[in-house]
Every structure is written in C-alpha cells, then in structure tokens.
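So, here come the structures, one by one.
There are two complexes below, and they share chain A, which is joined by chain B in the first and by chain C in the second.
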Partner chain A sequence: MRWSSRLGNALSGFYLTACYVFILLPVAVLILFSFQDGRLPVPPFHGPTLKWYVTAFTNERMMAGLGNSLLVGIGSSALSVILGFLAAYGISRYEFAARRLLQGIIILPLAVSYLLVGMGLLVTLSSLGLGPSLWMVVVGHVVINMPLAFAICLAQLGEHQRKVEWAAKDLGASTFRVLTAVTMPMIAPALIAAFCLCFTLSWDEFIIAFLVTRFDVTLPIVIWTMLRGGLNPQTNAVGSFIFLCSILMLVAVEFLLFRKRRA
Partner chain B sequence: MASTNEARAASQARLAGLGFTLPAVAWILLFFGAPLVIMAIYSLLPLDAEGAPGGFSLDAYRQFFGESAYVEAVWNSVVTTAVVVVVSLLLAYPFAYILAYRVPKRWQRLAIACAILPFWTSYVVRSYAWLLVLAPTGIVNWVLINLGVVARPITLAYNPSATELGFVHFFIMLNALTIYANLVQINPRYVLAAQDLGASSWKSFLAVTFPLSIPGMTVGAFLTVVLCIGDFITPQILGGNKELLLPQVIMMQIQRQLDLPMASVMSLVLTLIVAVVYLLLQRQMRMARL
Partner chain C sequence: MTSHLEVEAINKVYGEVTALDHVSLAVEQGGYVVLLGPSGSGKTTLLSVIGGFTVPTSGRVSIAGRDVTALSPAQRPTTTLFQDYALFPHMSVAGNVGFGLKVRHVSAAEREKRIAAALELVGLAGYGRRGIHEISGGQRQRVALARALVVEPEILLLDEPLGALDLNLRRQMQDELLALQRRTGRSFVHVTHDQEEAMALASLVVVMNKGRIEDQGPPKRIYERPATLFTATFMGESTQIPGRVGEAGLVETAIGALRGTGQQSPGSEVMLIVRPENIRTDANEIDLGPARIREATFQGAHYRVLATSERGAQDFVLRLPPDHAVEPGRALQLSCRPENLVVLSR
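Then we have the complex of A and B:
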C-alpha cells in the first residue's frame, strides 16, 4: 500500500472517530449520569443507582405528562396514517384534475417551521375565544405528520399492488373491499412504519404543544418546566427513557419497512 | 353508447379520487391554511396603547421594523442560521464522504444508524444534554481542570456559541444523512472514467463527485434553515439571555406582552425568510432524488 493512501485511511479513521465522539458525547453523558448516585448529574460519577428512574416514575406530573403524550401520540399518528393513506390511494389510483395541486397542498406543511403551525393554531383559538386544550395538540400534530405518512404511503403504492387490486376488482370486489382486504394488508408494513415514525415525532414535539396547551401538558413540556430547576439526574432518567422508547420504535420501523423491501 | 358509459366511468373515477384525497386536503386547509390567513389578519389588527385591538393598519409592521431590538433578533437569527448551515455542511461532508466511500458496504447501514442516534433523543433533552457537557461543573470543564489545563471552570454555556454548537450537533447528523444518500447514488463509473482520462483523484472529486453531490447538500441546507430558524428550545436553553433569536422574541410577545398581532408579524417575517431561501435553492432541490 502506498504511504499516501495509508495516510488517507488514517486521517479518515481519525475524522470518523472525532465525529462520532462529538455526535454521541451528549447522549452518553446523559445516560451515564442518569445512574448517578448523588444530587447532581455531573462528574465525578458515583453509582450506579436506579433511584432517579424510580423518582421519575413516581412523579405525578411526569406520569400525567407521559399519559398525555401517549394519548396525543397515538391519536394523532392514527389519524395521520388514515388520512395520509386514503389521500395517497386517491392520488395514485385515480386520474383527476388538480391532482398535482392537491398533492402540493398536502405536503406543504413539511416546508414550514413547527412554530408557524403552532402560532396559527394559537391565533385561531384566540380569535374563536376558545381556551387551549390537548385536542389542539392532536390537530397540530396531524398537520405536521400527515404529510409524512402520505409521502410514505405514496412511495409504497406501486404497480405491483395495482395489478392485484385490478384482479380483485375483476372478481367482483367493491372499492371498499379492495381497500381493506387487498391494498391495506399489502402495504401494512408501510402503514405501521408510518405510524411509528409519526408517533416518535409527535411524542417529542415541543413548540406546538407548548403554544396550545396550558394545564394538561405533554411530556416534553413537563421536562421543560423541570429544566428551570437546573441540572437534575431525574431529567437524565426521563431523557434516557424517552431515548430508549424512540430507539425501540425505530427498530420496529427498520424491521417493517426496510427489511421487507430488500427481501 | 359506449362513449357515454366511458364518460360516466371517468367522471365516477374522478369523484372517487377526489373523495379519497379531500379529507386530507381539508384537514390541511382547515388547520393550517385557515390559521395562516387568520394570522395574517391579526397582524393587521395591532393592539392600541391599552392593549385592546384597534382598527386595520400596518402599525404592527411599522413598529416591528422601527424597534431595533426586533430587527436585531432577525439579524441574529439569520447570522446564526447561516453559521450553522456552513459549519454543519463543512463538517458533515467529509463525514458522509468517508461513510460512503471508505467504510465497507455491509457496515454502512450500521455506521449511519449510529451517526444519527442522538437524533432520536427528545428534542428538549438534547439541548439539556449539551448543558451537562458544557456547564461550569460539566464534563468538559472537569476534564480540563483535572488535566491542569485551566485552574477554574471556563464559560462554555449560556452564550451564542453554545447555541450554535447545539445546532451544529443536530444538523451535522441531518446533513450527513442527505449528503450520504446523494453520494451513494452517484455512479462510480463516472469517477473511474475521469481517472481513466488522467484526472487525479483530487481532480476527479472536484470535477465529478462534488458537483453531483450539490443537490444533497442543498436539501440538507434547506432543512437546516427551516428547522434552525424556527427553533426556540436550543437558544433558550443554551444561549443565555443576551443575544435573543427571533423565535425567543416571538415567544416573549406571546407569554409576556400578550401581543398576538406582533407575534403574528414576527412569525410571518420568519416564514418570509424561509420562503426566500426556498426560492433561491428550489432549482437545486428539484434535482435531488433522495
């Protein structure tokens, strides 16, 4: 091997390592000090102990926030996938005028800040004289996640599925029957993956939830409130727990969406 | 006879297609489109001195552009976003390049998955995690003190650089992903052809690989702008309270001043900036097939 290419490899390895250290450092510190046996999540490390996880899981505000987050996450993701799937089906299976326009409208929210979506809903609530509520978080999360579910479904509704649908129609199945007995089972992995992705994004979303709720807040806002008290191992514990949940969701997505396609 | 049947079938298909698509479109129009219109109307109905809504006027806009603190916040936001875009692209490009060309194929998926791992920690917690690292009692200061590099903790958190660091950390992952996705799609034969024609590896990179990877960089850059300029959490947790960014000023209008018209003006200004960036980058982004 020439010395220059060996030098190149060494430099590449060094750069790659440096990047990984930079990227993974905060998460590593977060998780490590969630096991800190002491009042502050800073070095030196003592422990490990699980007491901060116990504290977090017996914290009522935290658990209420977790409950709300699960509710919003499941509700908004289910709605996003249903609406997104139906729209993707309509766009990919039927020829009609304004198809491009409607598709453009559906994916528009992908190109704006969440702040704008939240502000819009807040101003709307105020103009209608309504108070903030958890329902508005669901509404907002469908606005930001449905375009994503739509795009995933659209990418999966290919020619292969179309032929099977035609076969079912020739055999006398109604449109509804084709949809529920043929199309949906065929792209079920994509639907579940879309659901998981929407859920991960929803249960982590801050600004919309912050703007349109007041008392029945979601988990990220409970954490936000806790941050005002400074560094606290309990926050580390909750953060590590959320991280674990998201990773599990993503492993599910990877398994359902990508393994299938590669096979 | 046949033609009327066909026409009927076609119009039925049109209706069915619309029927499937309309619920989603209606949701977006009702809960995204209409609120934007209401917001635009609000921005034209500024509050008077007593805090009550007055008549239609452009006063809120005049007040916004006349207030140096607000204009400064816009400027801070634009500068921060620009710095973050440039630094994350510069750092992410070699990273994505090494992943795409130096790491063996079968390890690449795992390598990419690890590289975007912190992406999936909670958004609020990610900034908090940087605070753990940068705080006066944090791990960096602890290491520096124990190595005897510094005698007392140095200030790392609560300033604009900390905000930028937090942003760069997030967007390096995002940009590495879009650039990597672009790089692996470039046909390796192009590079081989360039080298057959006598180009050095450096030259073939500059003349072939790099230009072909511009769409991936553009998509990454645009996503960075959208997400960075509208972010409230990162500057609020890491940035301290000296140089405020636009989203922080917006939140202040909502929470402290209770001035929704002014907050609307600011949100529209923010959206306008994103729209201008979109128009500038539009052509390159269309070419990206990620």
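Then we have the complex of A and C:
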C-alpha cells in the first residue's frame, strides 16, 4: 500500500472516531455516573453501585411518570400506526382528485416544530375550555408520529403488493378481508417497526408533554423537574434506562424493517 | 344462443389516450382465446376490463348471459392468473389455493378436499404444506393456477403467464395449459405478445393494435390469410410486394402482374404478402421471376434466405432445405401458389 493512501485511511479513521466520541461521549458519561457511589454524578468516579437504580425505581413520582410515559407511548403509537396505515392504504389504492396534495398535508407535521405543535394544542385546548391532561399528550404525539407511520406504510404498499391485493379481491375477498388477511400480515414487519419508531419518539418527547400536562406528567418531565433540584445520580440512572429502552426499540426496527429489505 | 363471454363496444380513455377503441368480442363456452398484440396495443387493458379491474369508459361486458359491467372483480365469475403470480407470501401452498374457498365460507373439510384436488390437477399433489418461498418459479405458477381454478370460475384470465419462464418450461406449460383447459372445459382468455405462443394455444386468436381489434379467427386462418397488413407482419416474417390493382383483378407490381387471393377494388394500392415457407423453387402457378441469393443463414431445419429479384426492386425472404446450395449470387427461379399470395390494402 502506498504511504499516501495509508495516511488517508489513518485520517479518515481518526475523523470517524472523533465523530463517534463527540456523539456518544455524553451518553457514556451519563451511563457511567449512574453507577456513581456518591451524591454527585461528577468525576472522580467512585463505585460502581446499583443503589441509584434502586432509588429511582422505588421513587413514586418517577414510577408514576414511567407509567404515564408507557401509556402515552403505547397509546399514541398504536393510534399513529392505525391511522397512518389506513391513510397510506387509501392514498396508494384509490385514485382521486388532490391525492398528491392530501399526501403532502399528511406528511406536513413532520416539518413543524414540536414547540409549534405543543403551543397549537395548548391554544386549542384553552379555547375549547379543556384543561391540560395526559390525553392531550397522546393527541400531540399522534400529530407528530402519524406522518412517520404513514410514510413507512406507504413505502411498503408498492405495485407488487397491489397485485397481490388484486389477486385476493379477484378470488372474492372484501376490502376488509383483503386488509386483514393479506395486506396487514404481508407488511406486518413494517407495521411493528413503525410502532417501535413512534414509541421511541414518544418515549423521550419533552416539549409537547411539558406544555399540555399539569399533574399527570410523563417521565421526561419528572426528570427535568428533578434536574432543577440539582444533579443527582438517580436522574442518570433513569436517563440510562430511557436510553436502553430506545436502543432496544431501534434494534427491533433495524431487524424488522431493514434486514428484511436486504434479504 | 348467446356467447359465453360477450364484450360489446368497449371504450377506455385515459385522459388524451384511447386504450380501447370500440372493442367487441364474442367467445364460445370452452374456447381458448389469445389476445395478441405488441405492448400498448390494449390487450392487457381488455383483459383487465373483463376481470373487472379496469372500469371501461363505455360499453358492456357479459359473462354466461349476465351483465357484469358494474360488478367488482370479487363479484365476477372470473379469476386471473397474474403475470408475477401474486401469491400470498405469508401463506402455505394450501393456504393460497384455499383462500378463494375460505372467503366463500366453504367448510374446512370440503376445502381440504378441493385444495387437494386442485393441487393434483396442476401436478403438485402433496405440496400443500410447503411455503411459497420453498418452491420454484414453475411450481409457483402452478399454485397460482390451482388457486384460480379451485373456485371454479366461468372464465380464467391469464396475463402473460409464460413470460417469466425459460423456453423449455414455457413449451411444457403451454401443453399443460391446453390440457387443463380441455379437462376443465372452462373458457380461457390469455394475453401474450408472442405469436408462436398464440398459435400453439388458441382456438381463437384476437390480434390487437392501438386499442383496436385488427383481426380475429382460428390461428391457421390468421397466419395464412391475415385480414390486415399489421396482422400479417405481426404473425411472422413475410415478403411484401407493393402494387396496384389493375383492370382484370391482377396486381401490377415491380416484378410483373400477379394474381393473389383477396378482393380489392381496381385502382387501389395494395400489398401482396407471401410467407417464407410458401415461396418455392419448383415452378408453381404464380411466377415470381428470377432472383439471386444475397444472404443465407443456417437455422437448423432450413436456411433463411434473402434474395433480390432480377426483374425489379423487390426483396424476398424464403426458406431453402439444408441440402440446397446457398452461396451468394446463386440464381433462383421463384414461384408460389395463388392461395398463398394474399392481397391486403395498405
């Protein structure tokens, strides 16, 4: 190998490493100090200990937040996938005027900042005379996640899929039967992947949840409240837990959606 | 008696494009119809209209005496064998074949019996539990056939079913399709762009071009006595001799006045068509004059020979037996029978 290409390889290797360190170091530090045997999650590192995990998982507010987050995550993701799938099916299988326009409108919330979605919801709520509540977080998360589920489903409903659905109709199946017996089983990996992705995004979403809740709050809000009281290894422990959940979900998505396409 | 399948004055317009232009077709019970044409000729659109997947702009489709124009594919007594088979990948072979029975609420025991019979019919007995990904392309096609036939449709529609198969398998499937059609007694409507396939299968060939039916009839008639110039060229190679109809019904051409088969009014511009295998060197009734071999290619059973007329600007395509001398420049005396020289308007 020539020295110049060797140098090139070394440089790009260094650059790549630097990128990953930059991205992952904060997370690594967060996780490391969740095992800190002391009152402050700052160097030097003492430990390791699992006592902050015990504290976190026995903290009532924390556990209430965790329960709420699960509720919002599962509820909003399920709704997003159902609505997104049905919208994608309608858009891809029926010819009608303004189809492209409608598709654009469905995708649009992806480009709107969470802050705007949250503020919009808050304004709408108060004009309707409704108070902030956990249900509104579900609504907010459906608003931001449905377009994503829609896009994932739409990508799966291509020409081959359409032919197979035709075959089912040709054999006498009703549209409902086609959806439940053919379309959904065939794109099940994508549906599950979309669910996981929506759940991941809902799971650590802060701004909308912060704006439209008051007493029943989600886990990110609990953590934020605790952080205002100062640094504490307990928040590191919860943060690490959230990170782990997100990673597991993303691994699931990777396996379901992308492995299949490569095969 | 009305026909089994009747297509009446079907029009299909997509914006500016006319896909089907006043297409009418009548098919007898148990017929094997092949819709033949180049891509964009409207043959697939016509199949899709018969199956109910495409709604015609105007016109009527009736099957077994019943007007089905307004019915969805699910409600029609037709099933389709799709080009890429469109099997359900998440179901077993038996699951695929039984799908149509299941949605018709056929009992499980009855279903099992009919699935087994259908698989037997297509030569896949005992394959029921296999997955779709565990069987070959040819086997998948048989599964698709069994799936379409098990619900006992009045008409089976086949959308270029043999396109994806290699030559040997294609020949074999052609034989099997014919045998299946005879055994089941159902009407088959088959779309293809391959004229050999059409001739091998059809009891009725329907030649389509630019959304119209150019010609329809038994394959032998279509090949030997095509109704139009398009049909003549699409059905295979031929020598085309342009000319004008004279007073006595003879066609005046660059190589002399010839008497062909077919009525054309005097004074009209016509084209004489003769198939390569019908140009002879043994002094038949119609004299095509002397010609010289320009080029010859060996094709196994015969030589394909290009020759140029000595009388005027006219090229011939003909066949010579493998033992014939074919060096370029060699003189031939060409002739043909009057029934093989077809007069067509141009």
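Methods note: the second predicted complex is superposed on the first by the 263 of 263 C-alpha atoms of A that agree within 3 Å, B and C clash if a C-alpha of one lies under 4 Å from a C-alpha of the other, contacts with A are read in each partner's own complex, and residues count from 1 in each chain.
Criterion: a residue touches a chain if its C-beta (ideal position, glycine included) is under 8 Å from a C-beta of that chain, and two chains touch if they have at least 3 such contacts.
Remember, predicted model here, so these are calculated numbers, not experimental data.
Q: Determine, under the contact definition given at the top, whether A:Ala168 touches first (chain B), second (chain C), both, or neither.
A: A:Ala168 contacts chain C only, not chain B.
Q: Looking at the overlay, what does A:Pro26 touch: chain B (first), chain C (second), both, or neither?
A: It touches chain B, and chain C stays clear.
Q: For A:Phe176, is the partner it touches chain B (first), chain C (second), both, or none of the two (neither)?
A: Neither partner.
Q: Quick one: classify A:His160 as touching chain B (first), chain C (second), both or neither.
A: In the superposed model, A:His160 contacts chain C only, not chain B.
Q: Between chain B and chain C, point out the one touching more chain A residues.
A: Larger number of chain A residues touched: B.
Q: Is A:Pro185 contacted by the first partner chain B, the second partner chain C, both or neither?
A: After superposing on A, A:Pro185 lies in contact with chain C but is clear of chain B.
Q: Quick one: classify A:Trp3 as touching chain B (first), chain C (second), both or neither.
A: After superposing on A, A:Trp3 lies clear of both chain B and chain C.
Q: Pick one for A:Phe215: touches chain B only (first), chain C only (second), both, or neither.
A: neither
Q: On chain A, which stretch or stretches are contacted by chain B in one complex as well as by chain C in the other?
A: The answer is that chain A has no such residue.
Q: For chain B, which residues are in contact with chain A within the complex?
A: Residues 10, 13-14, 16-21, 23-25, 27-29, 31-36, 38-39, 42, 91, 94-95, 98-99, 102-103, 113-115, 117-118, 120-126, 128-133, 135, 137-139, 142, 169, 172-173, 176, 226-227, 229-233, 237, 247, 250, 254, 260, 263-264, 267, 270-271, 274, 278 of chain B touch chain A in their complex.
Q: Which stretch or stretches of chain A touch chain B in the complex?
A: For this pair, the touching residues of chain A are 9, 12, 15-16, 19-20, 22-27, 29-30, 33, 40-44, 83-84, 86-87, 89-91, 93-97, 99, 102, 105-106, 108-109, 111-117, 119-124, 126-127, 139-140, 142-143, 146-147, 150, 175, 200, 204-207, 211, 219-220, 223-224, 227, 231, 235-236, 238-239, 242-243, 246-247, 250, 254.
Q: Okay, in this complex, where on chain A does chain C touch?
A: Residue list for chain A touching chain C: 160, 163-164, 166-174, 177, 181-182, 185-186, 188.
Q: Under the definition above, what is the set of chain C residues touching chain A in their complex?
A: 51, 53, 72-75, 78-80, 82, 84, 86-90, 99-100, 103-104, 147-148, 151
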